[in-house]
Amino acid sequence: MLLAKIYVTLKPGVLDPQGEAVGNGLKAMGYKDVTSVRVGKYLELQLDTDDKSYAEEKVDEMCRRLLANPVIEKYRYTLEEQR
Amino acid sequence: MLLAKIYVTLKPGVLDPQGEAVGNGLKAMGYKDVTSVRVGKYLELQLDTDDKSYAEEKVDEMCRRLLANPVIEKYRYTLEEQR
Amino acid sequence: MKFGVIVFPGSNCDQDVYHVISEVLGKPVDYLWHGDTEVSGYDCLVLPGGFSYGDYLRSGAIARFAPIMPAVIDFANSGGLVLGICNGFQILLEAGLLPGAMRRNDCLQFRCQYTNLRVENDETPFTNLFKKGQVISIPIAHGEGNYYADEDTLKELEANKQIVFRYCDPSGEVTKEANPNGSVGNIAGIINRQGNVLGMMPHPERCAEVILGGTAGRELFASIVEWWERRK
Amino acid sequence: MEPEVYRNMGLTDEEYEKIKEILGREPNYVEVGMFSVMWSEHCGYKNSRPVLKLFPTDAPWVLQGPGENAGIIDIGDGQAVVFKIESHNHPSAIEPFQGSATGVGGIVRDIFTMGARPIALLDSLRFGTLDDPRTRYIMNGVVEGISFYGNCLGLPTVAGEVYFDRSYAGNPLVNAMAVGLINQKDIRRGTASGVGNSVMVIGAKTGRDGIHGATFASEELSEDSEERRPSVQVGDPFREKLLIEASLEIIKEDLIIGMQDMGAAGLTSSSCEMASRANTGMEIDVALVPRREEGMTPYEVMLSESQERMLVVPKKGSEEKVRAICERWGLDAVTIGKVTADGIMRIKDNGELVAEVPAKALTDECPVYERERLRPAYLNELQEKDFSSLAEPKDYGAVLLELLASPNLASKEWIYRQYDYMVRTDTVAGPGGDAAILRVKGTKKGLGLTTDGNGRYCYLDPELGGAIAVAEAARNLSCTGVKPLGITNCLNFGNPEKPEVAWQFYQAVIGMSKACKALQTPVTGGNVSFYNEIKEKAVYPTPVVGMVGLIKDIEKRCSLAFQNENDVLILLGETLPEIGGSEYLEVIHHQVAGKPPQLDLEKEVAVQEMTRQAIAEGLVTAAHDCAEGGLAITLAESAIAGKLGARVNLDSSLRPDYLLFSESQSRILLAVPPAAKEKVLNMAKEKGVPVAVIGHCSGDSLEVCINGDKVFDVDVEEMEKKWRESIPALMAG
């Protein structure tokens, strides 16, 4: 079993209304040190395989095809052995 | 400058309809090895401070107060120096 | 009796609630700005539906920290009547005035439709003109109305008759098919332990006039007035 | 300048020469950029302007025709309705969710720019067929995007339409219409008058979004469109909601002279259009424009299509008040320049001149092309198709059910249940009927709203198809008791440089114009979307009509749902053997061919007037037009809506399938109480409207006989199931 952790974030330059709203919210709550917030997605996939290089290929493909929207998002991921 | 990376996920036991939908989507696309999917949030906060322990305290507070809803979510975070 | 309707940035049912209170009920009502810090002089506060702060992180999460909220919390804790509708309900949950949390609808889509509700408690200030077990029809319009509470909380809600509305079929049966969003126990509305703070996902202000196709919502607002007058 | 540079921006060599001539010198990079977006089809209408002039635009009740951000129609009591439709086809093809969302955002800005409170949205959609996963992905995203943006704004999406056809696969049509209400005294126009007045930007910060989006909308989609993705913008409905409230407050306080949203071509188009309308010029310093990103060049600032921004010319001395209102709503408001007398757009960067162009050169001097027109070769063959050998169905009940399940006819609830169509509590009739009706609080009035357009008809005969789009929209309103008053339109076509497309475009406009004249519904504005092609193949020519009307007493409205047992069913109009272009021909016989049904505008007007009069006199309990699918589908829809069946007998010598499924125009089905029957029949005689009593409401099935012989008898519940479950099942894959 492998665990894929996938991070999907907006490409730089793409407007992030969520991040802005959260950033303004935090500032209004008094957290003045926060200079910028970006919000993305985090996914955990359990894979029924132990073959890392196979998994890598598949996860990358899933990201490209479904999990990230290549128009505005980019992704990265890590693979871990699952206990 | 510090960069906080924050991961907000649903507590185990709380149903994740989005994760399920993504999982079903992946299976329908032929990725039979995917046994489970959980979807969470990933946030990047830039902090205008270099004091790690101060930042740690603040980030934890922001998570507790705003970024995660303790009824259904849990969070973890890392702090990195920002170049 | 005087009502206050709280306007958050992104509220969009504020004018609808205001209209029902002033035009349908003929009662005095004011808008209260989220940036204010005072709510004195009001007998019932309404947190209306909408998308406060775009609902961008979680619905209601940011609004819960609006400058007016400490006053709302004090008002509620001292027994003042508070009604949260849709986004208002979500804000009350985030603020801890009501237990539980909202998740995305299990269908992962926004839903706008009439729903049947079974009145589970007719002894609240908001429902005294209904009868327990009565089925009323009120529309919903939300993407995050999938109510969640852990087992213990649910037991407590049950035990204290805090569950006020459940989604049901036209005959009053609480079924999976009648549940539009996946809420635990088909819960559509709950009240706090003290019985003065109601949160509900359906929109009573949208069915308070015959021309709009329903009047159950008028009864809900009229209940508040009725309760207030009786109390005096 | 290297030809490469301006050609890449979409300008031709001749256009470049013309720019040089206007300026009397070589333009610089910023100036070429400004010309290229302003002279794109999207902003300059260079391929369509002469044709659009053919539209009738006047009537005593038209307060604002084409040329402004939106049209305005007088609805009495000092009130007016403001409305406009616009396409977001290409962005939606590339990024369905953000594409449709920002489409909604843009059209809503056109409404409150005029000073009106936006009150409703409509959406007209065209997709490929639902057996294709990519189409399902697009439809999912498009509907979710509209839902996301419109719902968050608190605007009810009250009506719309959707059609599915292979011709739209890969190039969906996403047309959004917005409607607003205004007190006439509050009307503002997009002009920058008053030399010396400030020019302010309010709303969102400017980023590198969608640079050259306007040019992009004016090209065919190709493989590398996907590579040009930065053209896609992300919408922020929350900020737009704040922008609406702030703008309306600013107008209410009477603080401004004019404002305009920054849509396609951003700061460039808003500034030069405002100046051009007022015969003024403007001096702007781009360094003052609030930015979201670092290191933006003047070129980028001038061309950015970042959403949720407005350009405002405040009254002298009102800048501070405008700023204060914006601040209260959490918005930026910054003075970036001033109005000048000399008609020149002078763009500076930190005081240094970076562009200097006459405002009118960008707007009025946009080159205009009379494109060569050629009747397409396919038409003869298709129109002359002979259907006499078409096999007659054996089981009409089965055919009816199959048609009801066809996505073009099936319930569209899967779409509209994702739209908040009730917010604002004015939706008296929402989606699901012939037209939506909104009450106008504080009056007895109601506004009727609908969109219509049949691409298949237009493909088979664009003139007729264009006329039918207008007639059917009006018919939909008339069926609810609403009097049609005017239209906006979105003309979705292929590449106008192809003579066949230019011909289709011209013919459609001719047809629409004739119908608009006959029905007294002038054109108050609209939008042209060309280059709807993928791999060289154009979508069906698809003019979409958005129509508004008024009912003086909203209590006298009517719906399509059968109401009472024994109400008499009366059919107005004539059924002709016209199955060309019909849904029946496509679904059952797999052909798109023939001539669309003919349209006699005089008859159309008579049928509609008669329907409205009968409804106004309280004689009618249900009214529904015969449209796609023909009379059988009309009966089924009214039965399903009312959960009440009917017994029907049709006396005719037509073939049963022609009689049941022909899409002959100018027909309306009425249900009337028995006591009203004679009155209605007499009214028809007086007006010269062909009329027949065809049955009555009764029971829980729809039984249809022809000349006394039963052809089908189907349970209403069974019909409803097929009709309701079809699209959800297809979307589930």
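Which chain is which? They are A, B, C and D, in the order written, and residues in each are numbered from 1.
Assume a contact is a pair of C-beta atoms (placed from the backbone, for glycine too) under 8 Å apart; a residue touches a chain by one contact, two chains touch by 3 or more.
Remember, it's a predicted structure, so these values are computed and weren't measured experimentally.
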Pair sharing more residue contacts (C-beta pairs) when A-C is set against C-D: C-D
Distance from the mean Cα position of chain D to that of chain A, given in whole angstrom: 37
Interchain centroid distance [CA atoms averaged], chain A/chain B, Å: 9
Sequence positions of chain A contacting 2 or more other chains: 17, 21-22, 25, 29, 39
Multi-partner residues of chain D (each touching 2 or more other chains): 236, 238-239, 330
Numbers and ranges of chain C residues touching at least 2 other chains: 53-54, 56-57, 61-62, 65
Chain pairs in mutual contact under the definition given at the outset: A-B, A-C, A-D, B-C, C-D
Complex contacts: residues of chain A adjacent to chain C: 17-18, 21-22, 25, 28-29, 39
Residue numbers on chain C that touch chain B, as the complex places them: 57-58, 61-62, 65, 93-94, 99-101, 103-108, 146, 148-150, 182
Parts of chain C lying in touch with chain D, wherever the complex brings them together: 9-10, 12-13, 15-16, 19-20, 23, 49-51, 53-56, 109-113, 139, 141, 143, 203, 205-206, 208-209, 211-212
In the complex with chain A, residue positions of chain D that touch it: 94-95, 98, 204, 207-209, 229-230, 232-236, 238-239, 292-293, 306-307, 330
Chain B-touching residues of chain A, taken from the complex the two chains share: 1, 7-9, 19, 22, 25-26, 29, 31, 33-49, 55, 58, 62, 65-67
